[in-house]
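In the two complexes below, subunit A is the common chain; its partner is subunit B in one and subunit C in the other.
Moving on to the complex of A and B:
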């Protein structure tokens, strides 16, 4: 695949926090690529640099060195074409749905919000927002009639996280980034989250997904490729099958052991 | 201390027909649960099933608007309805607790050494030098070096913080450790290290443990026997390995199924 066909490319990204003696290198020469329609899992323990990398890939933080490009356009500051396109074409799912959903808003309003913003920006009025909201909810396995008028407090953790996923996909983005979407959720409900992502992959084959996690077990069924991050460096990357069944790095083996019964 | 027996073993905890309700809403109803001397027992259920309320009842830490009925015996002391002085002498001496989020259960303005020392200071009459010796020895047992004693919780990683939490719970050598989702906030490798550490230390101390989780794969490592809780009631109990192999109840099947699904299914063993 040529660079033009890549959706998102991060090249030689380093990020240093602090100055002088307190200097901390959070990322050290990290390169990642996401192809169109691919699900990439970014795996690492706490402090490995996953979240810093995500922020940089989304243009929310600037790398100390290295570059990010979205559809061939550099993501370099808020005015850059790459950044503008990235913000329009990407959406985020956070770890805890109860802090990422407004507790005073009903499901219908939360899920519709990205579309309402888009409509204001583009000044077009031909969006059938209500239909898109229903479609998104149905895709993540929530019956619109039952859930549209609920508040987050009336949802279980798994249901609330699926609402957050519906909100992320309602604009039909090219990229969905999910930052530990299952860590705060009950084990039994994690399967529903996985099913929601599987449904997205099936019905929107063009959409790319970056799934961030510390647990190989949760990404085994969903990811095409896995990048393992440890102490700010990529220690291993490859196809899911290779990484799980033939891990090379010592750290990946530890991860494999931790995810086995 | 005279303690009730079960199958020839001393009973460390025995809850009978324990019911807890908050503002008239029943949270836990008619729970029977017991832990024998030296046993590691699990309490598993999805969020909202009432697990934490049971652990809070055992620690005498129920919210003030909660009412409890039935009986919870810690050794020969009735916890339900006991006054604060009785409970305060049980906590630390008889029962220690490890909580889910070490970042919020540790005191942020107290250095680790003081934090681990505090239960000793409150419950035992030891001189300062003796206490400090015990603190350093305890930190070493949980895998933290002496220098950690002078650090603040914020200077530690999540795993290290949880090690401090374990040290604080174990320093007074309690008979029972209640671990309420001690690994949920940690990453997968750290989770395993913390579970293994807890199991080793509890066994070495000859203590008993109640381990609370929603994850069967963690439970299988931490406990030998378990209770499955759903909607405030015990729906199944028995040997952890048996339950994992042959769950009977639909809710248990769901929890076991999820744990299996989210555990790595590998084609071949790697050669390490």
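Moving on to the complex of A and C:
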């Protein structure tokens, strides 16, 4: 696949926090590519640099060195074409469903928020926001008539996370970044989230997903490719089947062994 | 449709406040305060300036419902007229404190770290100056006036509000829902207006209603000290200041304004609590279902 066909490319990304003796290297020469329509899983232990890498790939943090390009446009500061395109074409799903929804906003307002922001920014008024909100909720398996006027406090963990996913879908983004979306909810609700992501992949095959997770079971179900991070470095990457069944790096073998315990 | 929806929410909030005993008390007291203030603009039982030298410190009677003061003026009429001055002071002090407090709170939780650090230090430093001292400083160029009370209370309570509301605002500012809005390109102002402020509002409402009560107390204190409402302008503080010297001889004339100030301050304090519970959808299931 050529660089032009890649949706998101991060090359030689390093990120150093602090100065002098307190300097900490969170990422060290990491390169990642995301193709259109693929689901890439970033896996690794706590502090491996998964979240830092994601923030940089989304333009929400600046790398100390290295470059990021979205649809061939460099993401280099708020004014850059790549950054502006990322704001339009990417969405985030957070770890905790309850802290990612405003407790004082109804579901309908939360899900519609990205569209309202985009409408304000582009000064267009030809969006049928209500219809898009209903469509997104239905896609993640929530009945719009039942859930539109609910507040987050009246939702279960799984329902709240699906509302957050519906919000991420409402702008028809080319890229969805899910930061451990199943780690803060119970096992039964995880299945609902997995089903929601499976539904997205089926109905919107052109949408790319970056899934950050340390749950290899989840990754196995959903990811096309896996990038394994350890101490801020890529230790292994490849197809899901290869990485999970025939791991080459010692750290990946440890992760797989720990998951099968 | 939106209008009818908001009016139905208003009636739910009102019903919820009324359902609680302390809410009923607060609503009755505050509504009476407003009504009496308005009525006093057009009618008082006796003219404020009608003095009767033969009936000074008179006991309550048909002609003078709460008696007369040392000049023979009708105490009830002065308390009625004082209600509007105190209402005016409480409203303006709360508006001033609210505007200043919200502005400072916004600066304190700003994503611009220089602005937030400077404003946190500034508020921490300025909050150590007592309201009375602010009034004293203002009284030098402005003299004793209603404006001194309003500005001094506005500054003092605004600083307090900013400091008390900051943790709640900070919690919202660092939340994922704000992170999500920013990632879609929402402006800092929009995030402040739609996410941070509404989430800090329960704390702000309680604090502002406490401030209204404290402004009524401050008016009495500052007027007594001579920095507040000038002589000749009716206020509860003025009624207290003119009669307190004679408390041993004519205690009733001190009792009435003291009692009114106490009841109104308690009502304002209680009102903040019940209003917070009633208007917050997180704590109010009835509002969520509406």
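The criterion applied here is as follows: the second predicted complex is superposed on the first by the 260 of 261 C-alpha atoms of A that agree within 3 Å, B and C clash if a C-alpha of one lies under 4 Å from a C-alpha of the other, contacts with A are read in each partner's own complex, and residues count from 1 in each chain.
Keep this in mind: a residue touches a chain if its C-beta (ideal position, glycine included) is under 8 Å from a C-beta of that chain, and two chains touch if they have at least 3 such contacts.
Just so it is clear, the model here is predicted, and its values are computed rather than measured.
Peer 1: Looking at the overlay, what does A:156 touch: subunit B (first), subunit C (second), both, or neither?
Peer 2: Only subunit B; A:156 stays clear of subunit C.
Peer 1: Tell me which partner A:111 touches in the superposition: subunit B (first), subunit C (second), both or neither.
Peer 2: After superposition on chain A, A:111 lies in contact with neither partner.
Peer 1: Once the structures are superposed on A, label A:148 by its partner contacts, choosing first (subunit B), second (subunit C), both or neither.
Peer 2: A:148 sits against neither subunit B nor subunit C.
Peer 1: Is A:40 in contact with subunit B, with subunit C, with both, or with neither (first, second, both, neither)?
Peer 2: A:40: touches no partner chain.
Peer 1: Does subunit B (first) or subunit C (second) touch A:214, or do both, or does neither?
Peer 2: In the superposition, A:214 touches subunit B alone.
Peer 1: Applying the touch criterion given at the start, work out whether A:245 contacts subunit B, subunit C, both or neither, answering first, second, both or neither.
Peer 2: It touches subunit B, and subunit C stays clear.
Peer 1: Report for A:187: first if it touches subunit B alone, second if subunit C alone, otherwise both or neither.
Peer 2: First partner only, subunit B.
Peer 1: If we overlay the two complexes on their shared chain A, which of subunit B and subunit C does A:253 touch? Say first, second, both or neither.
Peer 2: After superposition on chain A, A:253 lies in contact with subunit B alone.
Peer 1: Give me the intersection of subunit A's contacts with subunit B and its contacts with subunit C, in residue numbers.
Peer 2: Residues common to the subunit A contacts of subunit C and of subunit B do not exist here, since the sets are disjoint.
Peer 1: Which stretch or stretches of subunit A touch subunit C in the complex?
Peer 2: Residue list for subunit A touching subunit C: 58, 60, 87-88, 90-92, 94-96, 99-105, 110, 113-114, 117-118, 120-121, 150-151, 153-154, 167, 171.
Peer 1: Going by the contact rule at the top, pick out the subunit B residues touching subunit A in the complex.
Peer 2: Counting only subunit B, the residues touching subunit A are 46-48, 157-159, 186-192, 214-217, 220, 254-255, 257-268, 270, 272.
Peer 1: Help me check something: in the complex, which residues belonging to subunit C touch subunit A?
Peer 2: So the residues of subunit C in touch with subunit A come to 175-177, 179-181, 183-186, 190, 195, 198-199, 280-282, 288.
Peer 1: Provide the residue numbers of subunit A that touch subunit B in the complex, in ascending order.
Peer 2: 45-47, 156-157, 186-191, 214-218, 220-221, 241, 244-247, 253-261
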